[in-house]
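Following are the structures in question.
Across the two complexes that follow, chain A remains constant while its partner is chain B and subsequently chain C.
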Partner chain A sequence: MTEQEVMELIDSSLAEEFELERAEMIPEANLYEDLGLDSLDTVDMVIVLEGAFNFKIREEEAIREIRTLGDIHRFVLSKVKQHS
Partner chain B sequence: MATDSQCAASGDSAVSAFSIFLMNLWVYPLLIVWTLFGILVFPILFSILKLILQWPAGRLTRWFIWMYGRGWLLLMSPFVQFRREHMNVMQKGKPYLFVVNHLSFFDTYCMGMLPVFDVVFAVRSWPFRMLWYSGFMRLAEYLDVEGNSLEDTICRSKRVFAENGTVLFFPEGHRSRDGQLQRFYSGGFNVGIAGGIPVIPLCIAGTDRLLPPGRKLFHPCRVRLKALDPIDTKGFRDENGHVRLRKLVKEKMSEALEKMRAEED
Partner chain C sequence: MPLASVVVTGIGIISPLGNSLQELMEGLRGGHSGVRIIPSLEKIGGLRPRLGAVVTGVDEKEIPRKFRRSMSAMSVFAYLASQQALKMADYPEGQLGSGALGVIIGSTLGSTTTSENFFKDFFLDYSLERMKTGLFFQMMGHSCAANVAQSLGITGRVLAPSAACATSCQAVGYAYEQIALGRQEAILCGGADEFHPLTVATFDIMHAASTAFNLQPDAAPRPFDKRRDGMVCGEGSGILLLESKASARKRGARILAEVAGFATTSDTSSIANPDVGAMVTCMRLAMEDAGCSVEEIDYVNAHATGTVQGDNAEAEAIRQLFGDRVPVSSLKGHLGHTMAASGTIELAGSIGMLQHQELIATRNLERIDENCAGINCFQRTHAQPLKIVLKNNFALGGINSTIILRGYQND
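Presenting the complex of A and B:
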């Protein structure tokens, strides 16, 4: 998968799960302030990403540092690289 | 000079203001007395009924909470007309997952309208911090979906289903500010699918007039609780099944609520 395809899969999976508007899903968007997610969504987000990319990330400390959609892109891209 | 319709409108608003005043004069003190009575009497009645019925503590506490809710409905009944609809879709002693729209803090009390009492509420962490309720919530084995992991919530829910109990979620997570359905969280639907039990959507209307978020005074109104047909979760076990189930339930609730609102207008 190219980086673009990975980011597209992240965005489409999150949009589907959280009923988000694709136009609002820019890398700088804060998950909590701009996209309206909250602590319960963080759990669902991990499950969605694990399902989409077939890896386990729920124990990863780095997840706690994620604030923006761009953070998710970077985190998942690094995990995809590790697994390829 | 005031017209007849202006006089009638000002007369109506005076009656309305008086009924609101009377309702709050009645409801608040009685609600406090009923809650204090419940807290004081609970340990004695609980011990006696535990000996007689031999029910597990959680189930017995859930019965007490249901009775507390029913008592609250009775106290409100001079000012609020409660109506439950289509409840015959529930078979007694069969486990379900209830999902309810959320309009007011008092939606939970209105669950006293349900014909079944063995209902475990799945709620966020903050209600567990209310001193006067938290002990009862823990004893009733309510689920803290914010404080526990999804796996833990599923595991505990499966135990409830195994004992033919029901789990209730508010899929919106928060009270609606405009009466419209908000975004649904997936957690509850994952629980239903993992438990392999039917989902019964419940539509509540009127509590946003009774006591919406941000208001302190109760208003006389009519509250309706309508059960929709059960949805079998067995066809939703694929990877995206919870999303499909969530969308289906939301669509059915949205349609039903729209009809209910139109009937009230």
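Presenting the complex of A and C:
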């Protein structure tokens, strides 16, 4: 998968799960303040990403630092690279 | 301590006959059927019924995702019906979070559809790693009540009685008692259920579901009719806003009816089969609670689901109390059996009858079964002066319940 394809899969998965407008899904978008997610959503977000990329990330410390969509892109890209 | 009078000021309906009180009443008064063929039932091995009374025309997307994610269909129905009831009552939005308003809404089970979907996935590899956070909130026993309270910001008491077909009749009764005692000023109360083949199968294996009219959906069910062969399972939600008369008057709310009495009892003769004496006791206790005599009852809205045994027992119980004087009908010929919602949807229909001063006849009652003889099962919808209505709901598990409604003239 190219980086672009990885980011597209992240965005499309999250847009479907959380009914987000793609236009709002810019890398700087804060998950809570801009995209309106909450703590329950972040639990489901991990499950959605695990399903989309077939990896396990729920125990990763780095997840707790995620604040923006760009943080998710970077985190997932690094995980995908590790697995490739 | 003097007890407060309790009145109905709002009604919300999501039903097989339409998604408002107005649509419900048009369907009932027009003699329409909400029963249809459900093609997916054919795929269930061993299941004989093919009919259901399901809700159409509901757009769950009108509920914000944050609230909808914890809702299965039954909570969606309960939420939409609750909104309607509050709107009809013109209940002030600022009062929702005051603690004066409570919620008593029940269902037969938590969401069976959600359970099915979860276990279908779980059994693939016995993994819980794909389980999302919304699951429990849809499966829990108080899903409808909690979802309604959360999504509408209601901060008073939240209860979720669960008594199968008697659920919402009990919910109204418990709301009536709590308001009468002054514990809450107003309560959104009722029931909701969603259609699932498991419900149909439950009645099918007990030979209590209709199968003879599988190709003729509008001919079933047939309460009190000679050719009746069982119930038709349905879904929906009926929600009433009950309020102390003092509160309703203070706000200038239009009063739709008064809840005058309630009784609920346990029939321990059998967990499945009804006992005539226990039904008589329940109706008698409700009339005592309302302080009204047998002679004062103008109409009985029967539970009568269209099963052979249940209708026989209820007809006999009504005969013992009222003989053939009091008009009796069941609305399940129109609506099917909306399970936990049936009590409040049919109470709404009864309130509609009080308002229109019109008695709605049992749909599909063509020839009265001789085993149901001796009661006044009228066969034509007609105008009639009405003041006091008695409404029954009898449930699997031996749960009996009766509500007495009194018509109300607004100044």
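Just so we're on the same page, the second predicted complex is superposed on the first by the 84 of 84 C-alpha atoms of A that agree within 3 Å, B and C clash if a C-alpha of one lies under 4 Å from a C-alpha of the other, contacts with A are read in each partner's own complex, and residues count from 1 in each chain.
By our rule, a contact is a pair of C-beta atoms (placed from the backbone, for glycine too) under 8 Å apart; a residue touches a chain by one contact, two chains touch by 3 or more.
It should be emphasised that the depicted structure is a prediction, and the values quoted were computed from it without experimental measurement.
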| item | value |
| --- | --- |
| Which of chain B and chain C A:E16 touches, first, second, both or neither | first |
| Partner chain in contact with A:E24 - chain B first, chain C second, else both or neither | neither |
| Chain B versus chain C as contact partner of A:E33, first or second or both or neither | neither |
| Partner chain in contact with A:E50 - chain B first, chain C second, else both or neither | second |
| Chain B versus chain C as contact partner of A:E3, first or second or both or neither | neither |
| Set intersection of chain A contacts, chain C complex versus chain B complex | 18-19, 36, 38, 40, 43-44, 47, 51 |
| Residue numbers on chain C that touch chain A, as the complex places them | 65-66, 69, 129-134 |
| Interfacial residue positions of chain B with respect to chain A in the complex | 124, 145-146, 149-150, 173, 183-187, 190, 239-240, 243 |
| Chain B contact footprint on chain A (complex, rising order) | 16-19, 36, 38-41, 43-44, 47, 51 |
| Chain A to chain C touching residues, read off their complex | 18-19, 36, 38, 40, 43-44, 47, 50-51, 56 |
